[in-house]
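Following are the structures in question.
Note that chain A is present in both complexes that follow, paired respectively with chain B and with chain C.
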Partner chain A sequence: MSDLALEIRDLRVAYGGIVAVKGISLDVGRGEIVTLIGANGAGKTSTLKSIVGLVPPISGTIRLFGRDLRGVPTHRIVADGVALVPEGRAVFSSMSVRENLELGSFLKREKAGREARLERCVRLFPRLGERLAQEAGTLSGGEQQMLAIARALMGDPKLILLDEPSLGLAPKLVAQIFESILEIAKSGITILLVEQNTRLALETAERAYVLVTGEVALQGSAAELREDPRIRAAYLGEDPAA
Partner chain B sequence: MTEFIQQVINGLSLGSIYALIALGYTMVYGILRLINFAHGEVFMVGAYAGYYAASAFGIDAYERGGRAFPLVLAVAVLLLAMAAAAALGTTIELLAYRPVRKAPRLTPLITAIGVSLFLQNAGMLVFGPNPRRYPPILKEVPFEIGGVIVTNIKVTIFVVALALMTALRFFVLGTWTGRAMRAVSIHPDAARLMGIDVDRTIRACFAIGSALAAAGGILFGLDQIMINPLMGVLTGLKAFVAAVLGGIGSIPGAVLGGVLIGLAEQLTAGYLSPDYRDAITFVILILVLMLKPEGLLGVVKQEKV
Partner chain C sequence: MSSASAQVSTVRWLKRAAFAVLVVAVIYGLGALLESTAIEYVQRIVLLAGINVILAVGLNLINGTTGQFSIGHAGFMAVGAYAAAFFGTKLHPWLIGLLGAGACADALTFNLALCIGALFAGAAGLVVGIPTLRLRGDYLAVVTLGFGEIIRIVFNNARALGAATGYSGDDPAGLPAYTNFFWVYLWATLLVTGLAHLTFSQTGRSLTAIREDEIAAEAMAIPTTRLKVLAFTVSAATAGVAGGLFAHMQSGIRPEDFKFEKSIDMVVMIIVGGLGSISGAVVGGIFVAVTLEVMRDLSQYRLVLYALLLIIIMLVRPQGLFGARELPSVLRRLRGPRTKESS
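And then the complex of A and B:
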């Protein structure tokens, strides 16, 4: 059994005729929090989408817990223990919060386990607990993000891919979401985090990959990258001379 | 007054047949954004499947002997026709629609029209172009309540349709496959991420919609006595208008639209002129498209931010 939750080699992904990912390689160890940072259009979302099979890669290999995912449809990849919390949340807007959460357990519908996970989600996000009967489309952006994360947890995944969880949220909510991400990681779930908020991502993750126009420009421990003058200048908005 | 009640009863029974067919249009549209123009032909094939099943069960002998066709066999005829239509519907999906699912929306639409024409002509070839008398799966017994004449057939049509629609409601709201259908119709990619097999869900949708259309076909045969290979054209169009009137993609909307179209048709025939009974449906279509294009229970699709 491989120590790696995720192993990507020379991945190339085209999106709408444009090659968005130009041969990246990255590893995510079991239980790690790894972040993928970079500007808009750097290929972060395309990478996540190709991991779960929503966008098939042109070339390269993706291994999930040692298993090659080539040609495997999304629902089977999900069954292998990976969950994607998509950019823009993609909640089922005309369904209730509870129905959204239950759909998260589509592949693990055994009742006792499902209810235990629902309870855990409500503990993690008490605001969802208060709104179980509410239609998901009427939730605020922050609540929808919580719902999308909770829905992913309802499938009892071993690896969670998070796509821009801070996007469009007030700073206070962002802090709250990231606290829960750390808590999820503590429970032993591996996390690959895509984030434009570089500072936050580097504070949360253990290791990081920096994507620039579809290629890995830099990689290393999050602590190292936080101190890297190139990162400080390009992503943390600091003057390198200071 | 009694005449009005009479018309309403006839309209309800006709409308419940339209509702059963409209459900198939709306379910497929909800999940694929495709107007399945071949659905009227699935309804026609369902009616013929019932016809042949009843013959195979020896309905002629019962009729000659003056005995009623046993209820068990009548139910078996219904179930067999529903199964046959489900098989046809899923085959159409697999062979005709799946290959063009990712093509621009006009492609599947034209494909659907092609399948419809193909099945009309295949029907004339296989079943013969002449109308056939529908076998009396249920012997007609009229009875009178306060001057209004009701037949057991009208009541049966209404009851069977209501039972099937109730079953569908429980299925869609209460089962995992039903939930999967709703999830796919709201957000297909998010549904995939839940581990839902979208292909299987679409297949289930075609199977159920087609089975309901077959039930509609048998009830139509019982009600109208004659069936022919082109019966799906006009009835299919009316059921489609019913789905649009109710709000295409909405299951309660299809039921409401079906009943309203049935009532409108019957009342027009009764009070205006039987000549206008087919025209009124399309007058309604034009009015809906002008005044409330999203339909009575449909929602305006909001653009995703």
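And then the complex of A and C:
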């Protein structure tokens, strides 16, 4: 049994003729928080989508807890314990918060377990608890992001893939969301976090990969990368001469 | 404990059975009343309205609830109509041999024919749906548009089914007029109830999830392709039942009864009522049947007025009469503000 939650080797993803991911290799250990940072179009989202099988890779291998995912359909991968929180939140807006959460446990319908997980989500995000009957489309952006994360937790995942949870949110809410992410990690769930907010991502994660136009440009512990002058110049907006 | 709960469930089933009997009796009574009081012209409109309701509620499942647009449902209605007419014609002598001539053999023939029509239309839906619904996006609209035309042209050239002159069975007097108020509204009640149950089940909610965000639905492990195909097949089969009812309203069916305009009529029904609302589909189905008849005297200007009416609806209430809501929630909203004012 591998002690890696996720093991990606030479992953290549293309849309038509355009290659978005050009041979990425990365590892995520069990219980780890790993972040994937980089500019727009660096291939972060494509990597996440290919992990859950939404975009089939053209080559390379993806192993989930030691098991090769080649040709495995999305719903099987999700059943094996991966949850994707898509970019832009993607809540089911005409449905109530409770219905959204219940769909999160689509595969695990037995009532007791579902109610227990729902309670856990409400404890993590008390705001959702107050709004269980409210239509999800009427929630604020931050609440929708909380809902998207909570919905992913409803499937009782071992690995959560978060795609830009800070996108379009007020700083205060972003801080709150990232606190919850740390809390989720504390409960033993492995997290792969895709972010453009480099500073926050490096503060939250243990290790990081920096993607530039579909390739891994830098990798290392988050603490190291925070001090790396190239990162400071390119992503943290600091003058390298200073 | 277990015997007590068994007793409770028996009581519940008895109640349900009693309710079902009551509904059937009411439909029968209304049918008898209508047939004894109204002129034939009015009766015909009432029947068409019932058939429209079936069409609209069926189409709403795929276009409204699941958000996959079909604009060729007249094709499935045609498949159902021809299959029901053909197998009804062939089954009837055999069932008479079995049961003797009479109302019993007729009713059995008719309902079997409707089921066969639904089966064939559903199978056609499956064949069209499996390759098309694997894709995300508007492909279904394109393919169903083509399918509707192909099916019509196939029937137009099928000698065994009367080609362009249409099919009217083996009897020179034409297809038997089995369709009456009782059967139309019994089937409509059954189908509306069944589709409402489906829509408000976990499966139905998964269908709505596909409409709202297909990627997110897939990320919830919802088997999106399978559910889309299921919804489409059920929707096509429902149109097939409507086709069978329609076929037995007149002495024969012709390919031109199922032209592209018929598909558009169906889309209009659910847009007027509000996409995604079953109550809306019911109202929209009746609305289209009535307005088409009311405007019939205007002959060629009818479609112009129809278009104008639609433009007005789109301007004044683009979400349709009901939006995506159902009747009970609309009533609650109407009542809601008043109680607040009084308090």
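We adopt the following convention: the second predicted complex is superposed on the first by the 240 of 242 C-alpha atoms of A that agree within 3 Å, B and C clash if a C-alpha of one lies under 4 Å from a C-alpha of the other, contacts with A are read in each partner's own complex, and residues count from 1 in each chain.
Here is the rule we go by: contacts are C-beta pairs under 8 Å (C-beta built on N, C-alpha and C of every residue); 3 or more make two chains touch, one makes a residue touch a chain.
Here the structure is a predicted model, which means the values were calculated and not measured.
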Overlay on chain A: chain C relative to chain B, clash or fit: clash
First, second, both or neither for A:94, with chain B first and chain C second: both
Which superposed partner A:107 touches (first chain B, second chain C, both, neither): both
Which of chain B and chain C A:44 touches, first, second, both or neither: neither
Footprint overlap on chain A, where chain B in one structure and chain C in the other make contact: 52, 54, 74-75, 78-79, 83-84, 86, 90-95, 99, 102-104, 106-107, 109, 151, 155
Contact set on chain C toward chain A in their complex: 202, 205-206, 208-209, 212-213, 215-223, 276, 324
For the chain A and chain B complex, residues of the former touching the latter: 52, 54, 73-75, 78-79, 83-84, 86, 88, 90-95, 99, 102-104, 106-107, 109, 151, 155
Parts of chain A lying in touch with chain C, wherever the complex brings them together: 52, 54, 74-75, 78-79, 83-86, 90-95, 99, 102-104, 106-107, 109, 148, 151-152, 155
Complex contacts: residues of chain B adjacent to chain A: 176, 179-180, 182-183, 186-187, 189-198, 299, 304-305
